[in-house]
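What follows is a pair of complexes built around chain A, which joins chain B in one and chain C in the other.
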Partner chain A sequence: MARIEIPRFEFVARFARNRGALVGAVLIFLVALTAVLAPVLFPTDPLRIVGAPELWPGEDPDFPLGTDSLGRDILSMIVHGARATLLIGLCASAVATLIGVTIGAIAGYFGGWVDEIVMRTAELFQTIPNLIFVLTIVVILGSTLANIVIAIGIVSWTSIARMTRAEFLALRDREFVQACRAMGMGNGGIILGEILPNALPPVIVLSSLVVAGAILFESAVSFLGLGDPNVASWGRLVGDGRQLIRSSWYICAIPGVAIMVTVLCLNLIGDGLNDALNPKLRDR
Partner chain B sequence: MTNGFSRRSFAAGAFGAGALAAGIIGKSGASLAQGTPKRGGTLVATWGGGEPQACYVPAGGGSSPTFSSSKLFERLGRRTMEGAFEGELAEAWKPAADFKSYAIKIRKGVKFHDGKDMTVDDVVYSIGEIWKKYAAAAALTDFAGVEAPDSDTVVVTFNKPVPEFFFSSLLCGNVNYVVPKHVYAGSDPVTNPANNSPTGTGPWKFKEWVRGSHFEYVRNDAYWRKDMPYLDRLIIRYVRDPAGRAAAMEAGDIHIGVFNPVAPPDIKRLTGTGKFVATSKGYEESVWSTSFEVNMRNPIFAKREVRQAMFFAIDRNLIAKTVYYGYARPGTSPIFSPNKEFFTADTFKTAFDPKKAAALLDAAGHPKQKDGKRFTLNLLAAGWFAENGKIGAIVKQGLEDVGVGINLTVPDRPSSIKRIYTDYDFDVAISNQANPSEPVPSTTQYYTSDGIKKGVPFRNASGFHTPEVDALVEKIKVETDPAKRKALVVEFQKITTLECPNLPLVELESITVASTRVQNHSNDPNYLAASWHDIWLAS
Partner chain C sequence: MAAVAAGSRGRAALRLLRRRLIQAVPLMLGVVVINFCLIQLAPGSFLDLMTAENQVSDPATIELLRKTYGLDDPVWLQLVKYIWALMQFDFGFSYRQNMPVIQAISVHLPATLLLMVSSITLALAVGVAAGVVASVKVRTVWDSLVSIAAMFFFAAPSFWLGIMLIVLFSVKLGWLPVGGMATIGGVGGGVAGVLDILHHLILPTLALGLFYAAIYARVMRSSMLEVAQLDFVRTARAKGLSRNRVTVSHVLRNALLPVVTILGVQMGTVLAGSVVIESVFSWPGIGSLLFDSVSSRNYPVVLGIMVLGSLVVIAANIAVDLVYMWLDPRIEIR
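After this line comes the complex of A and B, so read on.
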């Protein structure tokens, strides 16, 4: 219908034209593959104490990346941590996108007092420092994986809502929307079937960045000791190693590098998606 | 007794001395050696925690205000490193024939920092109004009254006989100070503004509190101990994190840090420079432990064998070695092993034995189900010390290996206190205790029915109580013959170790790190709470 179609091969070609994005996508694919294969590669509980504490990488061939302060295998925790970290990132991004798109769409489409109320509420959320807000929610709800995901979703939805609202404001009076109204289509049909597909590309780009942000939030929460202690995540490993930073710095450094690479790759993918999806830049 | 430690102090959770520290402690002899004290100079001290809520808190308020106020105020008595009691503001005390009253002879010629004489009125006021209501309320349950028959004697009376060791320990209690009546009478001691600029009799006079940074104390020129203190100024500085403290010590900005000022790996590094010594002396009367408690409200723990199995499944040596770097030793009894008066090794032992744990659980009617689990428990590791979370991981692994599923949570300090001591929202918990030698009430209140006080932290949270233990503790309270009293406390240890409601996993060894320039330190069995009247700085 009125949807601005991007042919699939063209999308891939545009994405691949951004070399950084291609590298990012490949690396994230590898991280995701590790995450999926974690139980096969390391079938035992990654939080098990398996060796002497504070073995340096390479010191013992059984533990190529060494062990942490309690004698847990760092490689096993990194591999299983990829699972937890990616899962948290994707779920938190999904929660934020769901909240953000719903609220942004309603505000942008209906305008008027609905818009006023919704956007003032969003501003209220934006004025609270994000990390402190996340910590508060986690402390109140308790440190479980699900609660951390919800907390990150709750603080991350505002930028998505604003973006969606802006797109809806731009699109709601376009001819194809007016045509739909003239044909007697309901509000729900117009929002979901007509405007949303056209408003999505920039939102998808933003969502991919929220994944990166969520990973950083989770790392910060775990670093401060408020993460789920039953789950091996990268941030938790950095936090555990903090006390030993002057003697056994590798405990912090290894998961730190993993977090950095993953977040960087997600940002690169975000750039690539922007190139591929943003119609304004199509013929740059 | 000193359990209300600061939230920030969790970061300081570095303890003890053991195999690793043996060499370090060997060197500390030099710092304790008596040279000719040098007059003058400024000493900067810190401790392994944060700034206090007030300079002096009448009810104690934890280790931080105890540290800051104990340099300004003094107690009636003190304990020596050898374990003897000696007078400080009292010259001597002795019981009446029926042990229901004690006469204290007060030291003459002691002046408060504002120039007024310390008299028996101040002592009567302190015991009757401050100790009874705040500082020692839990210990003074059988207190009948206090009066001054003449100008140098104070008589304290009780409703029941009171053992001499208990009374002497009371006179040396952490915050059982003699405070000036003329400052506190007629006011609410808890909110009296003088708590933030105390007027005491101690070797140091309050000068200034720069919040967020330090206390500055100056020499009390009218101090009753002749020629003391040796230094002109004492600064207590607060540094938030252990790495910062280590850096400040290395830079020469801080001379001495008590109660685990730096992380264990840094202890080795600092002493390795030859400019610092580390010692575990000075904590004999304030031994810390990490305890494991089971919640008796969960019907699964009705059987004693299930409670014992929990302890058999935990590798305490591993905890001491990896979590505390050897600066801890496995605990065996609620009375800690440095306690010369009351500790006994002849108790029911629950040393690491997973097979025995599994057998006990099988016998108690909890066989492994299809999923390999017998039952699942919520394990709460109190998050005020970072070490507790690590111990949580070790305990989880130990219990899961014998088929007990574990959900581990590590809440922050306020949530941990609320969930363990108010809501009783745990099945098994990892917490900490610090106890003096006298077992009543600090140690016994974890096992008696009157120790179950909902909302009061560091009391009986397991909910364990039996008429037998209640009666035994009542006997310990009033037994005045030291040998018979020891026998009762041994009995108490045998019962509690057999019942396993709440026992120490490890006893921690706290550490003081000091520059080699600092002389005469770590010479009191609770050095953090000592007055530091004889400390001096070599050039």
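After this line comes the complex of A and C, so read on.
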């Protein structure tokens, strides 16, 4: 298989030279770790009432981030919420990447009227107000985790499709592809085995940004009370705390900070990957 | 010379307008078909809910209602009928508001449009200014400040930012209203009324607009730096024009082009984002109508909001294209 190689060590070194990206990667790793270890760190149900209601952060050493209106431990809810939020973000981004790469690859490889139809469809999906579309899908099909993930995937694929298409357009007439064609390789083999591996790096960068976008989408859906009722994601925690902003605004503030930090780190990682893949664009 | 250029520009703009209007037709058709199919997937029709709410149990009446709403027809015929009605601006009837759908939506649409326009204006003003400052003072404290602020506002969920703004400016400081579009009880019409609305508009605009300001600041910064390296800028400097003059009349105009492009792509997102912000600030736009309609399965209204929303996006996109054309100096020659 022909590959346009970037030496791996150089890539890591270039990524690590970007301090923001490094900090982002470390923080995301920590968030992911707490998400994975949530059942070990806080084995009891996070939605159980454990203390006095509306304890401010630091007021009681047992609850470092305080308690909510019912007396539930906010730290425990944040840690368990990380699971839901990250999982939905990753899965939705995976759905979007799968749809986007498939569609973009077909459009870029075959060109012509196929390309025309695909690009018009992408335009169509950019015209429909995305979050309104997500809300409608979720309400119509039901507020389950799977439906939310699919709905976010359906509105997030267009940028990935455009990127994949552009890569395929640039690669499809290169010598190594022509060589494969001359050897009698089928379209499927060329697309999957030859062009796709070379087209993937920029697409991966973009899908890290799609994860960030998906987390924001999910948090908005949950905030509006349309999330899966069995899942306490960060967005829902913000929504739950909304009634108490006069007395205890920290209930709202803390999960929001968690969302912001996570999205911020994902964006930093995306920037870092971008710089590392396109060294020429650095130091602008 | 200038008149000739202006004339050819006007004609080019008309050509562009015509082409974009023709392209909008299949786009609108696609929006209608996708959303119509989506609603067909829904379990249970709005008729079930409507009859339950109004406690209609007489089978004959239900049958009559089914006929009136055309639910007995095959799906494709319903779709054709719907499209045919849309072409005459008939969006159907909303039983909840007891008025035509288009009327129910047009009551709420202006508030949403106002929020969209004010947020985009804020985003452009703040974003472009911040991007220009960062690029002129590149690698200074100013540049870093802009980058850091942009990073934060790009990551903060808008609804959360809105709540935090309420906590700070309404609850703690008491400067601005918590929500709504006008003071309850009213302050009268005229100038006082307009000022009252503007007063209510500040926080929602910040909550929605700062996210986009962050994007524009980043794009503007890198686009300014890129354009500043191009040959024509060096030529202008070599001709002896001052640095500020070159920045304003040569770099800025060209650097704005990517910002305008992104603005066009994001129109749909801005509209959708305003729906969330409306819920935070009890802003009387289409957001509240959407939630009510979605939860009561009032699908004619949901479809109507999608179609009209997409129409707004298409119209805004055409406007953005015209602005792009007006800004882009390369088009002048044709």
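Throughout what follows, the second predicted complex is superposed on the first by the 276 of 284 C-alpha atoms of A that agree within 3 Å, B and C clash if a C-alpha of one lies under 4 Å from a C-alpha of the other, contacts with A are read in each partner's own complex, and residues count from 1 in each chain.
We adopt the following convention: contacts are C-beta pairs under 8 Å (C-beta built on N, C-alpha and C of every residue); 3 or more make two chains touch, one makes a residue touch a chain.
This is a predicted model, so every value here is computed, not measured.
Residue contacts after overlaying the shared chain place A:Val139 against chain B and chain C alike. Contacts of A:Val118 after superposition: neither chain B nor chain C is touched.
Once the two complexes are laid over each other on the shared chain, residue contacts for A:Leu70 go to chain B alone; chain C is not touched.
Of the two partner chains, chain C is the only one touched by A:Ala220; chain B is not.
Judged by the touch definition given at the top, the superposed model places A:Arg48 against chain B, while chain C stays out of reach.
Using the contact criterion defined above for the overlaid structures, shared-chain residue A:Gly235 touches chain C, although it does not reach chain B. When the two complexes are overlaid on their common chain A, residue A:Ile245 makes contact with chain B and with chain C alike. For chain A, the partner that touches more of its residues is C, with chain B and chain C as the two candidates.
In the superposed pair of complexes, A:Leu264 makes contact with chain C only, with no contact to chain B. Taken together, the two structures place residues 139, 245-246 of chain A in contact with chain B in one case and with chain C in the other. On the chain B side of its complex with chain A, the touching residues are 14, 242-243, 263, 265-266, 269, 318, 322-323, 381, 383, 386, 389-390, 392-394, 396-397, 407-412, 415.
Note for the complex: chain A touches chain B at residues 45, 47-49, 53, 69-71, 139, 142-143, 225-226, 229-230, 240, 243-248. Those residues of chain A that touch chain C in the shared complex are 120-121, 123-124, 126-133, 135-137, 139-141, 212, 216, 219-220, 223-224, 235, 238, 242, 245-246, 249, 252-253, 256, 259-261, 263-264, 267-268, 284.
If you check the complex, the residues on chain C that touch chain A are 26-27, 30-31, 34-35, 38-39, 41-42, 151-152, 154-161, 163-164, 166-167, 171, 222, 225-226, 265, 268-269, 271-273, 275-276, 279, 290-291, 294-295, 302, 305-306, 309-310, 313-314, 317.
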